[in-house]
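Next come two complexes, and both contain chain A; in the first it sits with chain B, in the second with chain C.
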Partner chain A sequence: MIYVYCTELRRSALRWWLPVLVAIDLAVLYGRARWWIGIWPQTSVAAQIPAFYFGPFFAALAAWSVGRASRHGTDEQLDAAARPRWQAESLQLAGTVTYGLAVYLVGIVAAAITSTGSAGPGFLWPGYLCLGAATIVGCAAAGHAVGRWSRSRVIAPMFSALVCFVLLGSLGDSLGLIVLTGPPDARVAAWPLVTRLLLAAGAAVVAVAVPRPRFRPRGGRRPRYGRGQAYASAAALAVVVGCLAAYATAGSIQVSRPSPARYPCTNTTPASCVWPDDQKYLPQMSAMMSRLNEIPAGLFTVPPRYYERGLRAPRYQYVDFTVPEGAMWEVATGIAIQIVNATFPNPCAAATDADTAKQIHAQYELGTWLESRLTGAPQPPSVHGGPPGVDIQAIGKLIYTQQGSQLTWVRQRLATLRNTPCA
Partner chain B sequence: MVSEEVVSVTGLRQSYGGRTALADVSFSLADGVMGLLGPNGAGKTTLLRTLATIASPARGEVCVAGRVVRTGRDARLARRAIGYLPQDFGYLPGFSVYDFVRYVAWLREVPRGVAHDSTLRAIEGVGLSDRMSDRMRTLSGGMVRRAGIASAIVGDPKLVLLDEPTVGLDPAQRLDFRSLIRSLGARAVVLSTHLVEDVAALCDTVVVLDSGRVIFTGSTGELSALAAPDVPGDTAIERGYMTVLRAGGGRA
Partner chain C sequence: MREHLRVAVRYGRTHHAASYLAGLAVLVLADFLLGSRALVLPLSDATIAFRAEIPAAYAVLAAATLHSPMADFEQCASRRYQHTRAAHIAVVLALTAATELVAEAAAASWPAGIVALRSVLVWAGIALVSGRLLGMTLSWVLPLASILPLTYFQQNSDGTDRWWDWVKQPPGDLACWLIATVSLALGVLLSQLDQWTPRPWVPRRLRRVGQTRNGG
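Up next, the complex of A and B:
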């Protein structure tokens, strides 16, 4: 069996595609974004992302590959074989999956090598990598099943690829079949991951075990010898139904991760603390805290310490900052909100709607100004939108004016907030 | 003796749709080459597929290598003893000759310990040793047929079923094929063909089918002896065949 498996690998047309597939893998890995470099959970997710593309691709290839028997007229020999057909098809599917996983592995190794230099303690997270592998195996199995049930050489691969692409593209994230980001406060839940692996394995079992239809019965009745196939089909379908039930009830693939006992903080006052996985951001955090210290004391009440989400108790999850896709502007937003809230804790309800509008507008403007000061730059073009009614461009220019004029502008907003008449 | 029979068929009936393809076919075969003659639609391919255990009998019994085939398990076990070259013989063009024959050996469950040697023997037996590493797609039509025969004989099956193996071969290749069949040695070979001269040259016994019925069973000499003077044919066996068909009410 090993020899035949190796023959399937050696003789597969996929071997010629291998360099192209590896190039696609690396293009997806490095072309999509590079902020993941140096953060192990994000590196793991980035290495898993190509599975989103390879799933549909290998679904099509599996559908094409299984059509080999009808394309080359070896159906009759397979029907006359002592060895059950599912064994021959299993090796074919295994060959396709092996190529898929090999290409996927190249991306994983490249991602690991890239991150090793700059990342903190730890290594790749196998949970995310296994999820990508399950996606590739599941899609290939689905393609194999479609290919052996379809008479068309063209439609089966196209249909398989399209269905997998649409499924993963529209529902892959919400169904937990693929993960788009790996924040440090989240981890892969074991049982949901197991159910996805089981689902992929179950799909592979069904793909090879359920008897294929006979499109052109020739030379006699359909064989009664294959009566046991009905039992195999029933068993395989039962396996898949069981896997689907387990998957549906397993819950979210990502769950909260316990906060670490120790985590790195900037050596500044105030300080900013991040997950150990995100320690590569510490220099940027330190710079941000230094810029915060350039704002004259007394204007704002500045909390002494800022935390990345998940380091503190769950009640702070909507207070603490996050670093989505390495965006420092988002960090500044989280810190700015904390500063404004600390400066004006428990503000009273304004007397009129007009006062409320002025109060909120002033808060928004101060927040945006603080964000720009913390990052040392206007809101970047990559950040779309902003607080309603706030002239982002004007504030962007404001931070480059003299400190005095900026402080005058700030004191006007602070006065608005302090002097808002209460209801 | 019954124990020497490689294959026996008793009261075999096959039908598909409402049409009877085989009716009460009975014969047995020990070592040697049996020719299966008959016009188009006589049931030759149906009979070979039934012997290959691909199609189960509607009625009757098929016994291969001492095993009556009744269940899927019986069929799989019997297939270890059957080498089958279908009429529409397919091959994997990207495989080398060795890979292809070895693959069929695996399909036949030839034990792993002997599969390699058996593959080499089969390839050598059909004279393709020097093309063993070549891709199947690079072979000529005659060579592909020889590779197909190698796949049918790999693992030394007791029963070899060849369905129209000389279709598409030129005269020289057909002569080569005859030499090849003669070299197969002691085993049971069922050769389905339209070509009476191939039967005359190769077969020990002949079964003539017409409309799903056996209308003649005997040696090639006995078939030749039946030749009537007024039937068409260039050789005695051709005239014997036509005589049998005419007597059986079949088509010429």
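Up next, the complex of A and C:
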């Protein structure tokens, strides 16, 4: 068996295309974003993302590969061979999957190496990586099955790639087949992950065990399955249905992670605290806090500490900041909202609609000004939109003017908020 | 006339005409059912609907009809057969593109239909190139690979679409029509080079995915 498996690997053209596939994997890993470097959960998710593209591709490849028996007219020979058919099929599927996982593994190793230098405590999270591996295996198995049951050489690869692409592309996130980001306050749930691995294994079992349904041939003979084969097919299908049921009832793949006992904070006042995984952001946070201190005291009520989401009790979930894709602007948004809310802890409902509009507009303007001051720069172009009705360009210019004129501008807004007539 | 029709039907039967029409029907159905579903893409806040990528399947389907069980035999055919083959490409491409245009126009809008038509032309060229390089049954490889840049690298850093993003640029975009022209011209040219290069260009050992020495 091992010898035949080695022959499968040695004789596959994928051996020659491996550098191309690795280049694609690395392009997906590094080509678009590098903010994940230095954060282990995000690095693990980034290493898993190529599986989103390799899934459909290896589905098509497996469907093409399995067609070799009919292309070369050896279908009957294989059926009549001394070894049972499932052994040959499983070796072939194993060969395809091996190449898929090998490419995936190279990406994981590269991601781990680039993250090691700047990362916080811990290492790669195996949960996310297993999820990607399950995606590749499951897609390849589905492609193998479709290619085996179809007679077409072109439709089968195309169809299996299309189905995998639709499944992963439109439902992958909601079905939990792939994960798009790995925030530090989430972890992979064990049992849902196991069900996904089981589902991939079940798909592989069906792909090797269930032959193409044969209908009554011209001669009028009855289709002759061996009884063992019929049992094996039924058992494989039952296994897959069982796996599907387990998967459907298992629940969400990402669940909230218990907050750590110790977490790093900036040694500034006010301070900002992040998850240990996110400790590479501490210098940026310190800079942000010192920029916050440049704003003269007395204007705003500034909370003494800011937390990343998940460090405090769940009721602060919508108060605390997050760092999506390493964007400091989003952190500043979270902090600015906290400052404005602390300055006006219990705003009353305004008397008229016009007053409400003025109140909200002043809040938005103050928030945008605070965000720009905290990041020390205008709103970056990568952030689309912003609070409605706020002239972001003007505020972007305002933060570079004299402190005095800025404070006059701020005091006007604060006065608007204080003097809003209550209902 | 009748004789010609009979020949055409026979030609169609060896070139998967029935499968092609069935495939077209399935894809039109997919256009209507899945077209407006948004793709959930990693690391992206851009929304790409499935209707942007479905033309790739149309193009592959069209290119796949160039395969026939008698492919080896056809490769040493006379010049007359080369003309037939050119007519075949023209008819199938026109039929496929027209179907996609009408399907998209009915499912979404006329501008969307024109973008889809352009996408079919681009991908048809890519599929023909892929078929020339790897063999007609592998004409799906390059179109499938081209989905990656179109869904993952399609945005400039400021969130606008790249100039070459032929599925997102507006129907009148000149650069994308240029891409379509170049791609289609290259594809048709390469697929018409049969007389001198009867074999796929990529050597056999690079195309053999899971074939053992004994062909099993």
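Everything below uses one rule, namely that the second predicted complex is superposed on the first by the 411 of 423 C-alpha atoms of A that agree within 3 Å, B and C clash if a C-alpha of one lies under 4 Å from a C-alpha of the other, contacts with A are read in each partner's own complex, and residues count from 1 in each chain.
Just so we're on the same page, a residue touches a chain if its C-beta (ideal position, glycine included) is under 8 Å from a C-beta of that chain, and two chains touch if they have at least 3 such contacts.
Computed from a predicted model, the values in this text were never measured in an experiment.
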(request) Report the partner of chain A that touches more of its residues: chain B or chain C. (result) C
(message) If we overlay the two complexes on their shared chain A, which of chain B and chain C does A:Val154 touch? Say first, second, both or neither.
(response) second
(message) One more residue to check, A:Phe52. First (chain B), second (chain C), both or neither?
(response) second
(message) Let me test your reading of the model: by the given contact rule, A:Arg83 touches which partner, first (chain B), second (chain C), both or neither?
(response) first
(request) Applying the touch criterion given at the start, work out whether A:Arg11 contacts chain B, chain C, both or neither, answering first, second, both or neither. (result) both
(request) Classify the contacts of A:Arg68 with the two partner chains as first (chain B alone), second (chain C alone), both, or neither. (result) both
(request) Could you look at A:Tyr231 and tell me whether it touches chain B, chain C, both or neither (first, second, both, neither)? (result) neither
(message) With both complexes overlaid on chain A, does A:Met1 touch chain B (first), chain C (second), both or neither?
(response) first
(request) Using the superposition on chain A described above, determine whether A:Tyr318 touches chain B (first), chain C (second), both, or neither. (result) neither
(message) With both complexes superposed on chain A, which partner does A:Ala33 reach: first (chain B), second (chain C), both or neither?
(response) second
(message) Taking the stated contact definition, name every residue in chain A that is touched by chain B in one complex and by chain C in the other, in rising order.
(response) 7, 11-13, 68-69, 72, 74, 77-78, 88
(message) Looking at the complex, which residues from chain C come into contact with chain A?
(response) 16, 19, 23, 30, 34, 37-43, 45, 50, 53, 57, 60-61, 64, 67, 137-141, 144-145, 147-148, 152-153, 157-159, 205-213, 215-216
(message) Per the contact definition, I'd like the list of chain B residues that touch chain A in the complex.
(response) 14-16, 21, 45-46, 49-50, 52-58, 69, 71-77, 79-80, 82, 84, 86, 88-95, 99, 102-104, 106-109, 112, 115, 151
(message) For the complex, give me every residue of chain A touching chain B.
(response) 1, 3-4, 7, 10-13, 68-69, 72-84, 88, 217-229
(message) Could you list, by residue number, the parts of chain A that touch chain C in their complex?
(response) 7-8, 11-14, 16-17, 24, 27-28, 31-33, 49, 52-53, 56-57, 60-61, 64-66, 68-69, 72, 74, 77-78, 88, 92, 95-96, 152-155, 157-158, 161-162, 165-166, 169-174, 178, 180-181, 325, 381-382, 384
